[in-house]
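Look for subunit A in each of the two complexes below; its partner is subunit B in the first and subunit C in the second.
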Partner chain A sequence: MNYKAIDSQDIEYLISVCGKGRVFVGEEINEDFAHDELGGIERLPEVMVEAVSTEEVSKIMKYAFDHHIPVTPRGQGTGLVGGSVAIHGGIMLNLTKMNKILELDEENLTLTVEPGVLLMEISKFVEAHDLFYPPDPGEKSATIAGNINTNAGGMRAVKYGVTRDYVRGLEIVLPNGEVMEVGGKIVKNSSGYSLKDMIVGSEGTLAIVTKAVLKLLPLPKKAISLLIPFPDLAMAIETVPKIIKSKTIPTAVEFMESAAILAAEEFLGMKFPDKSSDAYLLLTFDGNSKEEIERAYDKVAHICLDSGALDVLISNTQERQESIWKARGAFLEAIKASTTEMDECDVVVPRNKVADFIKYTNELQSQFQVRIKSFGHAGDGNLHVYVLRDERTEEEWKKTLGDVFECMYSRARELGGQVSGEHGIGYAKRPFLIESMGENGMQLLKNIKLAFDPKNILNPGKVC
Partner chain B sequence: MEILVCIKQVPGTSEVEVDEKTGVLKRDGIDSKLNPYDLYAIETALKMKEEKGAKVNVITMGPPQAAEIIQEAFMMGADNGALLTDRKFAGADVLATAYTLSQGVKKMGNIDLIICGKQTTDGDTAQVGPEMAEFLGIPHVANVRRIVELKEESIVVEMDMPNTIEVADVKFPCLITVEKGIFQPRLPSFKLKMATKDKEIPFYSMNDFEDQNEKNYGLNGSPTQVLKIFPPEANTDHEMWEGTGEDLADRLLTKLKELKFV
Partner chain C sequence: MNYKAIDSQDIEYLISVCGKGRVFVGEEINEDFAHDELGGIERLPEVMVEAVSTEEVSKIMKYAFDHHIPVTPRGQGTGLVGGSVAIHGGIMLNLTKMNKILELDEENLTLTVEPGVLLMEISKFVEAHDLFYPPDPGEKSATIAGNINTNAGGMRAVKYGVTRDYVRGLEIVLPNGEVMEVGGKIVKNSSGYSLKDMIVGSEGTLAIVTKAVLKLLPLPKKAISLLIPFPDLAMAIETVPKIIKSKTIPTAVEFMESAAILAAEEFLGMKFPDKSSDAYLLLTFDGNSKEEIERAYDKVAHICLDSGALDVLISNTQERQESIWKARGAFLEAIKASTTEMDECDVVVPRNKVADFIKYTNELQSQFQVRIKSFGHAGDGNLHVYVLRDERTEEEWKKTLGDVFECMYSRARELGGQVSGEHGIGYAKRPFLIESMGENGMQLLKNIKLAFDPKNILNPGKVC
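For the complex of A and B:
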């Protein structure tokens, strides 16, 4: 693809729009902006601009469109698939300064925010008003627009669904600079193709989100967790479909192995409340009264015990919850700290196939003599499987990783799964999406991309 | 070996509001929970149970619904529990509380070791444990951060003093209060919940006690009364000085003299 290289005239224009203080060129751009959270894919943009208004975003996009300059939108850069890396150089449009909470509408139960508001700020703000924004990805310092663009899921997806289910409306800037609104403060909408839902999960390739109207729920008054030790992981995971079948709806169903717990203990310098076992399920229930929650978990506790659980441990106070969830929140960092480099596979499979898939990753571990760690959302079938480089040379690592990924993605396909549950395709997972989607599917995606972005300037090289 | 752990039901949230007019903690409509510090005391006792086969008893004073926390102690592994409950106990300050508990202890039979949490999260006085031991006439060690050894006739503990750690070998019967973090408390078990759900919890009132003089209990037995509760003023004024030890010492002395502290 031939894009125009940035020259002094372009810089001048960007300065005329944003002022000198918000335009960074060459060495002024921090190295962090060359990659995302997982690394591996690296390139610095030619220029980085911090926009603070829709108008600025619109002007920049129009200019880039007219001059055929690639634009990579970026939030906090916490992605894991290279989605926010400027692989074709050009302009990086940093939206983290558009970080205001604009309106809480308690009559419509919506929250209107700018794209750079952080997930943790949203939950803190709405919970102070007894309201609830359910999507709960582990990375709380991600921006809301990053979450929208990857259709992030998180732990509460079992009961509450994913980001897409909580986006009511969006203000977007199209690649040609036109501003438009899709969706709105409305509960139902059958008015043509849902453009709003096309933008959600589009990984910054179709339009730039400059405002979002989020759906809120009343805040459940109480939550408890059950930590359930099992003799082994297979038995733990095989219990999950029985829980789902029981029609009780936990908020979250996570699985974890003692190795991850020990790594988190070491990483955090804290103690986990139980070490009796190698494998655990971690379930959360929420509701409005202690009795309501107790009724729900009583049934599940019996199912677990009947399925071979060693016990069911109850976490019902803030201190107890912290002792468990702090460790759960540190798994990724702890695993990262235990190796030289790693890459992840974020497949999603039908919920009754999770056990099959995990067994398969264990087989791969011995087949390829590589450490593979996994933990994840057993309740929604979304797995986070990490392949660790350890002492391999660059060449060996690339080879092993390629082989292991190939095996995992094709097994996921066989099981009726998809490439990504919540991290997205970005740059890194494109080959696997192509395999999974097939020619017709990819052609449709490309045509959609073309309809929004005929010059292919917005986050090119990502998704399709 | 018989161990007794003293526990208390406290408001479920750490952000308890104070009624500005009356100075009393607003407890209405707030969930309650087992005092977090007591979880460390229970865990310490349960570790001894695992190690030496000790029997773990728990005791609490409170309204009838405080039986919930005894049930919770059963779910962690305690063997027996008793609730001291009587309208006459209401309004007790730390002294009357400690006295009531000491009377209750006598109902529990021969106890070798009493373990308390360091303090509660609602009163934060850290006085009830030691005062109770005084009423019982037994030795006590507060702020225990580690159990060094559990012997036949005594226990060796490390106590956390402001600048030093002291090791004490204390003969049974005795009382210790343990620090947060001595052990990571285990979570309540659903299996034990089911196994102990019909376990009887005896309720004791003043009439069950050796001392039945009303004047020693509740409001009557309380020499202190809470007039007002307020969060301490946080004073963040500070100066930073740099220099050699000698210079700094001189400056500090001058400053303290200026402020008339010395």
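For the complex of A and C:
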């Protein structure tokens, strides 16, 4: 693609909009902005701008549109697929300074926030008002706009759904700089195609989110976690469809292997309540009464024991629950720290196919003599499977990773799954999206991209 | 638009696909197919075809695409905005014969259905398996694909959300005849733009739904309804934000005036438990334990009494609940039967603005000397406001309706609302969507339409 290179006049314009202190060029740009959390895909933008208002975002987009300059929106850079890397150079539009919580509306149960507010700030803020923002991805330092752009799911999707379900309205800036509101503080909407739902999960390729109206729920009064050891992972995972079928809906159902727990313990320097077994299910139940929760977990505990669980450990203290969930939250970091490089497969399959898929990744481990670590959301079918480079040469790594990914994504398709459950396509997973959607499907995505962004300047080279 | 007129060759082709018994021309087409439930917008298609398989739909679309013939998909025709009327003639594609429930998957909590399955059949089927499909629009004889295409909401949106939230996957036929699957039996999905969410609410203008995978929940074990009389409607409606703010989530919160109740009684020939007051809130609570429900409704009953409610009538027998909800379900029909013609405004506003809006419609009633009846979903801000023609001449009616609608939609915009909460835009509400979205917004919708349907043959003239 033939984009205009940034020159001194462009820099001058950006400084005229944002002031000198928020425009960074060349060596002023921290190397961190060349890649995301996972790394692997690297390029520094030509200029990085910190916007603090919708008006600034609008002016910058209009200028970029008129001058055919690529713009990469960026939050905290916690992504894993290169979605926030400026692979065509140009302008990186850093939105982390737009980080104000604007309004809590208790009569409509909505929270209005700027795009750079962090997930952990949202939960802290609303919980202090006895309210609840259910989406709960492991990475709490992500921005809300990053979560919206990947339609992040997290642990509680089993009961509460994903980010999409909690976005009521958005203020967006289109690639040509126009500001638009889609949705609002409303519960229902059938007024034309759902632009709101088109933006959610679009990975910053269709418009820039400058404000979000989030749906809140009353905070459940009680929650309890069960840690359930199993002799092996297959047995643990095969229990999950039985739980779903039992018509009891846990808040979260995670699976983990002892290796991941040990790595997390080492990484965090803290102890997990139990690690004597090979595999675990970790469940949470929430609700408003002790009896309600007890009835649910009692039923599920029996299903697990009948299916071969070795024990059922109940964590009803805040402290104990935190230690378990903190370990769960650290799996990614811990696995990353255990190897030289890694890449992730974030497939989602129907819930009763998780066991098949994990069994298959174990076969691949032997077949390709590569370490594959996985953990994930057994309750919603979304797996995070990590292929580890270890001591491979660059060439060997590329080859092995390509072969293993090819096998995994192809099996996911056979099982009725999709390429990404919550981390998105970004740059890294495009080949697998193409295989999954076919050429005609990809053409449709491209047509939609052009409907929003006729000059292809907004986060080009991502998704499609 | 310059579409090809249907000729004998086209009829021959359609017969070759569907057989003679399912292709109807001229007087063979029942006059009902010229309009929808509300009427007002009328035109018969040139040919009406009953498809029974995805393959047939695909062949018909490919032919229509190649020959530039407009196609109007049609379910039960229960819409209110002309969305299923063949305003450009051409082919009406009747999908009501594709009416099989294909699969209940209890391990993934999904139900796979053909597009023509009726809402009432779905609830009956899943409830027999102790499962629950929450969306609950008043019109139970609508098809599921009709509900998907308008993103129907219904009574239970307060607690459970709308149709969009219960569509996991779709099989669609694109305007060029290509068959595509979007989403699936999966809980999360971040694999490219959400085509599934683009189709939901698109009113048959982007693709034809030929199969749907619906999300189910366990059936709540108990439900209870409260009928709460108030001295006037304003007082009733102003209580609703207080209920929302109390962090108790009812399943449904409807408001109604005694006039609507009397009309429904007459229409149904059955008695409502109470009609001595001017206005009512009707609430439902559901859950799995009596205590849980009692705690919730006790709290809400007190809020209502503190806000001026005259009484709280509890309906805990199946029979009594049915009589109330049956009356609620008959409001539309009853109002319709009370006048010569009517049109509907289906706005949605933030929940704490409902009282403002209803007060305003009362002012319009005096200002324009016209009967305006309303009922609706106070708990989710979606109002159904009916302007009645009564004895006006055609010319007077057009003028009054236009003026009153102009006022109402403009006020809804001021209140942060949208044109349609659940009935869609269709043909009738396009002018108001244009006012709401602006020219640039409409251009974006048109671009999206062309991304799916470059020849503009699928349900042309609707939405945008």
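Quick note on the criterion: the second predicted complex is superposed on the first by the 464 of 464 C-alpha atoms of A that agree within 3 Å, B and C clash if a C-alpha of one lies under 4 Å from a C-alpha of the other, contacts with A are read in each partner's own complex, and residues count from 1 in each chain.
Throughout what follows, a contact is a pair of C-beta atoms (placed from the backbone, for glycine too) under 8 Å apart; a residue touches a chain by one contact, two chains touch by 3 or more.
Quick caveat, the model's predicted, so the values are computed rather than measured.
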Exercise. Touch check for A:Gly424: first (subunit B), second (subunit C), both, or neither?
Worked result: second
Exercise. In the superposed arrangement, which partner chain does A:Leu227 touch: subunit B (first), subunit C (second), both, or neither?
Worked result: first
For this session: With the two complexes superposed on chain A, say which partner A:Pro218 touches: subunit B (first), subunit C (second), both, or neither.
Result: second
For this session: Classify the contacts of A:Leu206 with the two partner chains as first (subunit B alone), second (subunit C alone), both, or neither.
Result: second
Exercise. With the two structures laid over each other on chain A, which partner does A:Lys245 touch: subunit B (first), subunit C (second), both, or neither?
Worked result: second
Exercise. A:Gln321 contacts which: subunit B (first), subunit C (second), both, neither?
Worked result: neither
For this session: Pick one for A:Ala157: touches subunit B only (first), subunit C only (second), both, or neither.
Result: second
For this session: Name the chain, either subunit B or subunit C, that contacts more residues of subunit A.
Result: C
Problem set entry | Residue ranges of subunit B in contact with subunit A within the complex | 12-14, 31, 33-34, 36, 39, 75, 184-191, 193
Problem set entry | In the complex with subunit B, residue positions of subunit A that touch it | 226-227, 271-274, 290, 301, 305, 311-320, 323
For this session: Would you tell me which residues of subunit C are touching subunit A in their complex?
Result: 105-109, 130-131, 150-153, 157-158, 161-162, 164-165, 174, 178, 180, 183-195, 197-198, 200-202, 206, 217-219, 241, 244-245, 247-249, 288-289, 291-292, 295, 346, 348-352, 377, 379-382, 416-425, 433, 436-437, 440-441, 444-445, 447-452, 463-464
